[in-house]
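The chains carry the letters A, B, C and D, assigned in the order they are written, with residues numbered from 1 in each.
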Amino acid sequence: MTVQARDTRAVAAAEPILTLHQVQKRFLVRKRGIRVETVAADQVSFTVRRGEVFGLVGESGSGKTTLANLVMGLEAPDGGEISFCGRVIASPGRRPPFPYGDIQMVFQDPRSSLNPRMRVHQILTEPLRAVSPERRAQFGSEAALVELLGQVGLRPESLHRFPHEFSGGQRQRIAIARALVTRPKLVLLDEPTSALDVSVQAQVIQLLQSLQAEFGLTYVFISHNMGVVRYFCDRVGVLYRGRLVEVADTDTLFSAPSHEYTRRLLDAVPTWSHAGAERLVEEAPNGGV
Amino acid sequence: MLVFVLFGVTLCTFFMSHVIPGDPAQMMAGPHASADTIRSIRRQLGLDRPLWVQYGTYLWGLLHGDLGVSIRTQQPVIHDLAAFFPATLELVLYAFLLAIVTGIPLGVLAAVKRNTVWDYAARVVSLGGVSVPVFWSGLVLILLFYARLGWLPASGRLDPSLPPPPTITGLYTVDSALTGYWADFFNSLWHLVLPAVTLSYVQLSIIVRQVRSSMLEVLGKEFILTGRANGLGRGFLIVRYALRNALVPTITVIGLSIGSLLGGAVVTETVFDWPGMGNYVVQSIASLDFPAIMGFTVVIGAAYVLINLVVDLLHYALDPQIRR
Amino acid sequence: MTESVLQVEELTLSFRTAAGLIRVLRGVSFDIRAGELVGLVGESGSGKSVTAQAVARLLPEETTVVESGRILFAGRDVCTMTEAEMREIRGRRIGYVFQEPMTALNPAMTVGDQLMHVIRHHHGCSRREARQRVQRALEEVLIHQPDLVARQYPFELSGGMRQRIVIALAMSANPALLIADEPTTALDVTVQAEILKLILRLARQHGTAVLFITHDLGVVSQICERMVVLYAGEVVERGPVREILRHPNHPYTRALLRAVPDVARRGEPLQAIPGELPDLRHLPPGCVFAPRCVHRMERCDTRPPLRGSGDTAVACWWSGQEVPNR
Amino acid sequence: MSTPIVARSARYGGGRMLWKQLTANRFTALAVACVVAIVLLALLAPWLAPDSPTSVHLSQRLSPPSARHWFGTDEVGRDLFSRILYGARISVGVGLGSVLLAALAGTLLGAFSGYWGRWADQGIMRLMDILLSFPSIVLAMALAAALGPNLLNAALAIAIVKLPVYVRLARAEALSISRQLFVKAARTFGLGSGWIVTRHIIPNLLPPIVVQITLDLGDTILLIATLGFLGLGAQPPTPEWGAMISVGWKYLLDQWWYPTLTGAAIFITVMSFNLLGDGVRDLLDPRRHEEGGRTS
């Protein structure tokens, strides 16, 4: 299989920030008492360039979560290596030092990703415990935290509240602020809007866009929502059963998908604007309204 | 599992009784015994040998069905327990059946008629059962049905005037029915009423609470709603859908609650002067007869493990997720 | 014009909670004609699932209060029927498909047995005949090895397969109305497309009307003919899907269409709807969408009625007037 | 295990709210009133009791209830009402003590066991399996007999018997909390397991532990009384309820009030605590329903 990066945009010239090289990860799963090996990441290679939004799409079981865990250093790969800003951060066997604070993650469900027993202040300062004292002092002061809260659209008094006092959208803002408190270079967004209502979803996407410019961030955006991916990402990688079957810049992927699975995936997505609308109705045997 | 557990518990009790309180020989001999008496007891119990040798000897005996010799009766503990076992089995069996037969329907009723008089009644009854000391409920029953009303006997398995039936199983009700000793049959049933009711009340309450709560949980599940949406009848849904699923957790709890049944038997037998293992162990406790206490503990532990093995088998039968 | 299978008229419904009555539906009205597919669209708290369950009267009786309005199914009010009458209708005349195929099936019974019970209940037929019907029902939902699947337990099947079984159960009595309550939300996109096609095909074949509950505008556009947009327990707009998607009349519908990125569209800027979803306990006195509405005016502090002609209706004071384009 | 515990624990905030909700249910309100009354009676026993619980008046032995001796007297003429009041101190105090001991040790063991996993988990859980494979009253009897029959050892034995309940509960909760995203998030920050267990796991598993403590209090009081009755707990002349009944038992037919009133004290106390436990459970942990119930 040839995986081609057909990128024509400005970021093409930018330096790579995250590189996965033939990353391999297997799991042993018990199925009816028999041990079965599943390959969650099979020779996955791609490069994320500084300043871009790189989308990773795939359905359940495609290995999205495993890739996120590997990049975040929560699991070690069985093969290949992952490098960040030119340094290897994950390889099989020995564990290289991980650049805590430089890579952060925003999770899918803010109801679950914020500890209900902690106040926002504690939640925000937690990531700073693993970074250098200078950085901690610089970004951990009350004034810095209040400023950060303002940047994600929350009021200063939020600092002393508990997560359950906020709505779903506001909680995701807290989670985003927490990811930014160490001023990371790369942020992994794991379906950050899928647990939110559609009318709130757009607020969060716009916020992420403005923060990207403000903080000079690079995003890896994991999603199954093709509409959001098309809107938000510069380049997209398609995962299918642990393999990266296609990488292309967004417009190319959506207008001329090269892999068969990508085509199937795009066909399945319901769309309502112009061309796609009412396709199923017209396909129906007795047709017509 | 059984071997593992027995090994573990003998280890626990053995070392506790030998290490922590000091000298068991001193305790057995009493505070005023002479040094000579204590020394002879030590030798008799093998206490002068190293601890691990003592434990090895005990385990070796256990493997051969030897639980040591009772200090009080001077008989092998295994013989004593074997003699008292049928009486305990009979009592526990009747109490168990009574608890199952009344507990499950009552629990279902309480769940189905939630927040009605039925539910409140079932909850009050079961709250009483988990709160009442067995020795006290037995006492109140004796006071009422024996002392005041004179309806029921309060002690023993049989009137002293009646000859016991020939031993086949050791259960008087079964043996007498098999051999046609009908006077014995009715008399022994008569004697069983108070102790069995006393003992079963506790387990009945546990079963009612469990059945009620797991029925409520299952009745709130979506597949019950699917059944309703598909027009299935209420009775069918309660029995075939809800109860069937509620039984899975219930059986676990019933298995565990047999523990309280076995424990309750100790107290019940004391209160009703029932000649079973519990009565035996309480008397052994009074005279600090360690081999007897440990023997009893080991036997009950083994029985409990076996019962829970049966529970696992029932689970296997009831829960397709385990079966496949 | 065909006759209505279902008419919901001015339905106002509350839940009894520890914190008092919470009104979850306020004057909801719409209808479904025989064989028609109608989408009920809304976000969380909009009351779309409550409406669906109220129609089949599956809401817990103790905590549900129907304050006013009627739900007419085949001309009879569901709210006043006895439970016995209701049982005749559920399953037989109204089929129901739930969101979570994981929990919608009895975990301790094989799929075949569950279908068998329901089929025998509906048709009162012999075991042998029922077995054949089970086979046919499974084939109808495009299960290729009906014998094998019938002997399996729900946990042994994939989400898509389970949802097919739930659909087979719901369609087993050939109902006049199928209520599908977010049937594809828990599924992957490729599986979702298959299930949607299946529902559509079955509805066409049997002339079954479908009430399709979803939060996904794309799904509605693909299989429904008309749609009802709910917001905070009120119908804000209803009409033919094609018209609403092309010319949404209510500011909420319009904002929603601009706030959701669609695969077929790129370049148009997203416009987020400001604010949060309303708290049902503290609704504004007037239009429920007013606090988030960019076209808000003084009049919006009183509640706008649902007005319109024919199939189309909008609950907005601006309707019929030229809305300032923003 | 559907609803994550953390979502549930957001249901309440602050002691006053808790109090209000507890007293909203009539049954629970009754239980709260009873428990408060019992605790007050126990605390104020030295001031409320008409007589010392151990002063002997042989001339008035086994007298029936009267204005002077509300509950009558025992076989050596001690005032039964005073003894029952003092008995409440022992039952409630020792009961609370052994449950708290079991809960403290069990929570720590279970939380680390659940989060850490591996061999420590295996070892701890096998040990708990052993403890659980005996009917608890039988195990308590064996342990109390082995340790030597007195009140302190009985309390210790009960704590050991109750330990596996807390270890298992804490471990199960720790496992489900570990699957929550905030724990994963903390790991991505590079924080160690000590921090995660103490800051994330333990604070979130406290509600079910508190529920379990209130559910266990009644049962523990019952266990103490049972051990006392069997001669394995407090020894006479300590005014412990179980021990009092084991002596008063002999007088059932002629001086029925002696064992009956003492037993009624146990019954009412245990029932109040059980009712309170049910109420607290329904409030804090609606998912968990009655489990087990009692052990003796």
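Just so it is clear, contacts are C-beta pairs under 8 Å (C-beta built on N, C-alpha and C of every residue); 3 or more make two chains touch, one makes a residue touch a chain.
Which protein is which chain? UniProt says B, D = Peptide/nickel transport system permease protein; C = Peptide/nickel transport system ATP-binding protein.
Since the model is a prediction, treat every value here as computed from it, not as a measurement.
Moving only from a chain to one it touches, give the least number of moves from chain A to chain B.
Minimal hop count between chain A and chain B: 2.
Quick check for you: compute each chain's CA centroid and the global CA centroid, then name the chain with the smallest gap between them.
Per-chain C-alpha centroids compared to the overall one single out D.
Could you quickly compare B-D and B-C and let me know which has more C-beta contacts?
It is B-D, judged by the count of C-beta pairs in contact.
Taking mean CA positions as centres, which chain lies farthest from chain C?
Using the mean of the C-alpha atoms as each chain's centre, the farthest one from chain C is B.
Approximately how many whole Å separate the CA-defined centres of chain B and chain D?
Here the centre of chain D sits 22 Å away from the centre of chain B.
Could you state the distance in Å from the CA-based centre of chain B to that of chain C?
Centre separation, chain B to chain C: 54 Å.
How many Å are there between the centre of chain A and the centre of chain D, using C-alpha atoms for each centre?
48
Could you state the distance in Å from the CA-based centre of chain A to that of chain C?
32
Spell out, as numbers or ranges, the residues of chain B touching 2 or more other chains.
324
Multi-chain contacts only, two chains or more: what residues does chain A have there?
Not one residue of chain A touches more than one other chain, so the list is empty.
Chain D: which residues touch two or more other chains?
Residue numbers touching two or more other chains: none in chain D.
Just say which it is for the chain contacts: an open line, a closed ring, a star, complete, or other.
ring
Following the definition at the start, I'd like every touching pair of chains, please.
Touching chain pairs, listed by label, are A-C, A-D, B-C, B-D.
Show which residues of chain C lie in contact with chain B when the two form their complex.
Residues in contact with chain B: 56, 58, 62, 87-92, 94-96, 98, 100, 103-110, 117-118, 121-122, 153, 155-156, 166, 169-170, 172-173.
List the residues on chain A that touch chain D in their complex, please.
These residues of chain A touch chain D: 72-74, 98, 100-101, 103-105, 107-109, 111-118, 126-127, 129-130, 162-164, 178.
Under the touch definition given earlier, write down the residues of chain D that touch chain A in their complex.
Touching chain A from chain D are residues 4, 6-7, 9-10, 13, 180-182, 184-191, 195, 199-200, 203-204.
Which chain B residues qualify as touching chain C in the complex?
Result: residues 115, 221-223, 225-233, 236, 240-241, 244-245, 248, 318-321, 324 of chain B touch chain C.
If we count contacts the way the header does, which residues on chain D are in touch with chain B in the complex?
Interface residues on the chain D side: 126-127, 129-130, 133-139, 141-143, 145-149, 218-219, 222, 225-226, 229-232, 242, 245-246, 249, 252-253, 256, 259-260, 263-264, 266-267, 270-271, 274-275, 278, 289-296.
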